[in-house]
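Chains: A, B, C, D, E and F, in written order; residue numbering restarts at 1 for each.
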């Protein structure tokens, strides 16, 4: 795979460009805001997120984006402390086609594995994300 | 106990029966083994896992089982310490239709959120689960 | 216990009613506020907290409520990220008969197991809960 | 308090002696084994556990030992990774008067806050501790 | 070592005095503010932080203070939830001679082990600490 | 910086080669064994560890390797669950010039931030690493 990538130029700039496009596609405006703020304190770190996070990992085939983002929401709920990223990626999950109901289901399910406080906090973040988009929570 | 409860349309025995069927469908033999061992030390806790975990949560509509299990794998990787459940539910993900490749993709993606050690440990557990089923790891 | 529960009707509505009463008894006003907010985003999840959390777990015999709540405070301190629940359940511990001194002792002890930052953050939450009730911190 | 302690000699050796006695009282043989092994790699750290852990914290008035140990069990379950200490302190809880049933109740309750995997793993450790003492698990 | 310490008086008051001096040296004003607030809710806990945290641990030879504080920053990033302490100890690292660049390098490196969200949150805290001191972030 | 790197060839293969050399330099034989095993289950993930982990992050200037590895040990202790990586990187710290005493100091210090169980477990891993190299633990 690396060989094909490098045929028409610089693989590093390919990764950077591909990652920037992928991040924009997935996270939309809220990701762009975090990356801009990050660029002020640690521009290399911002570059790694573009290149490795989105240019490498999120550009892999083998798993559809909707499942990737719902899995990411699950992982962030389980971490317990990643509120900023949870807010961004609940939005990302909606951006790539997951429904409000699916987001809420994934969060509720994490109560089984990471406890009710982690799920509860995530549901309140979801409510905020839904409201900012003019969406009501799903019924059920 | 289950017998008495189930006689007159008892919702509790419905939940128990539904949960037992759901757990068997999802986890297969490895889940059954954990539940049997658990029944010896805390039978009520085994009952709650059937009733609440599988009779309530895993019986909800609104999210397909394949996405549920891949999200669960993601959450368990992020927790970092849940090796027994990770082994069971990597198997569950395969049982409900996820591919080896999808399992590996979800685990690798968690390196972004929970760090490489958590993902690395999970990949070694996945290798063990694949091998026990006579499967080779996916290429890539 | 199951026999008595199921004699006069629907065990699920028994669990719900029992859980609502138990939550009110333990958490008082602050629990009610969280549950009301939760009901707007995920009413089923609110129901699970009533039914499973308070109707099942917190209605079990075998451990007195004061020890249950002090153990819950300990667990929430150890989690590190559960600030909302810690605030509610420091209040719950006081509601069911624990003293300010006991709450502070449990939190300080967690420094041994979860580190000083987790204990420090919890002590500041305890100070807030005590102040809202017009209580001064215990001496010592 | 420091004044009274220092009247009859060296407070540091008082703390050390008091801590050693307290650790022996609480943890019995299993604590002694851990401390002996620790003394080989980091004798100062063993001394801090005696002095600070048991000479300071576990020698405080204001909370009875049974509640202290059940709270410690709760905190260790919530941590998720502290298997060695959980085994020692499930034993400690029994040593200072908690019943098997109380230990199991505290562990099950942590499923609400730290998730089922953490509680499940702890129940299997409890089963081992009970078996080593010739105790059967409590019913229920 | 205990013998030498105790020759000229009370080792406990030695530890307390030594710890207070060490905390002031390392954390400066921000540590003093936290300790003052803590003294209002749990004065004994404040004393333990002085005596054990700074009088014992941070007064040990065998590791230079700059490495101690950068390691502490690393550990706090990995914890994920210790924002208050991270803010204090990013400042401490600068106080004892670490550069802005070194602080940022340690935080970025933790992305490998604890994930990008933990590192990202820590970088934003570092930006705040740098700004309060009139420092710009390092380039790179 | 990226410009200079890409002048004489393929930056991706540069990163891979640089990362492989860096990993070998830092981790020695124990890192090689983990990477070989990982290559069997997820070769792309092994490549990311070489490229991003060691080719990018561990090849950065701005922080000396000894401080990098001691900070990594601190972070892994704080995580609590990363036993495999802790064993590898306690070895790495020794490989790049840290002393046994410094490793033990960093681990003991983490007791303050992540609790005694995390530090205790890490000290036992350190004892194993020291013993495999024919080293005795440091005194103190």
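Descriptive notes on the structure:
Following the convention adopted for this analysis, contacts are C-beta pairs under 8 Å (C-beta built on N, C-alpha and C of every residue); 3 or more make two chains touch, one makes a residue touch a chain.
Remember, predicted model here, so these are calculated numbers, not experimental data.
Among the remaining chains, those touching subunit B as well as subunit F are A, C, D, E.
Looking at which of A-E and B-E shares more C-beta pairs in contact, the answer is the pair A-E.
For B-D, the matching interface among the pairs B-F, B-C or A-B, defined by over half of the contact pairs being the same residue numbers, is B-F. Two copies of one chain, subunit C and subunit D, form a contact in which over half of the residue numbers belong to both partners.
For the pair subunit D and subunit F, the distance between C-alpha centroids works out to 32 Å. With each centre defined as the average position of its C-alpha atoms, the distance from subunit D to subunit E rounds to 28 Å. Spacing of subunit C relative to subunit F, judged by their CA centroids, is 41 angstrom. Multi-chain contact residues of subunit D (touching two or more other chains) are listed as 44, 48, 53, 57, 60, 76, 79-82, 85, 104, 108, 111-118, 140.
Arrangement of the chains shown, judged by which pairs touch: all-to-all, with no pair of chains left without contact.
Subunit D contributes residues 2, 5-6, 10-13, 15, 44, 48, 52, 56-57, 60 to its touches with subunit E in the complex. Within the complex formed with subunit B, the residues of subunit D that make contact are 80-81, 104, 107-108, 111, 115-121, 123-124, 126-127, 130, 137, 139-140. Per the touch definition, subunit D reaches subunit C in the complex via residues 53, 57-58, 60, 62-63, 66-68, 70-79, 82, 85, 101-102, 104-106, 108-114, 138, 140.
Remark: subunit D residues 111-118 touch subunit A in the complex. By the touch criterion stated above, subunit D contacts subunit F in their complex at residues 34, 37-38, 40-45, 48-49, 53, 76, 79-82, 84-85.
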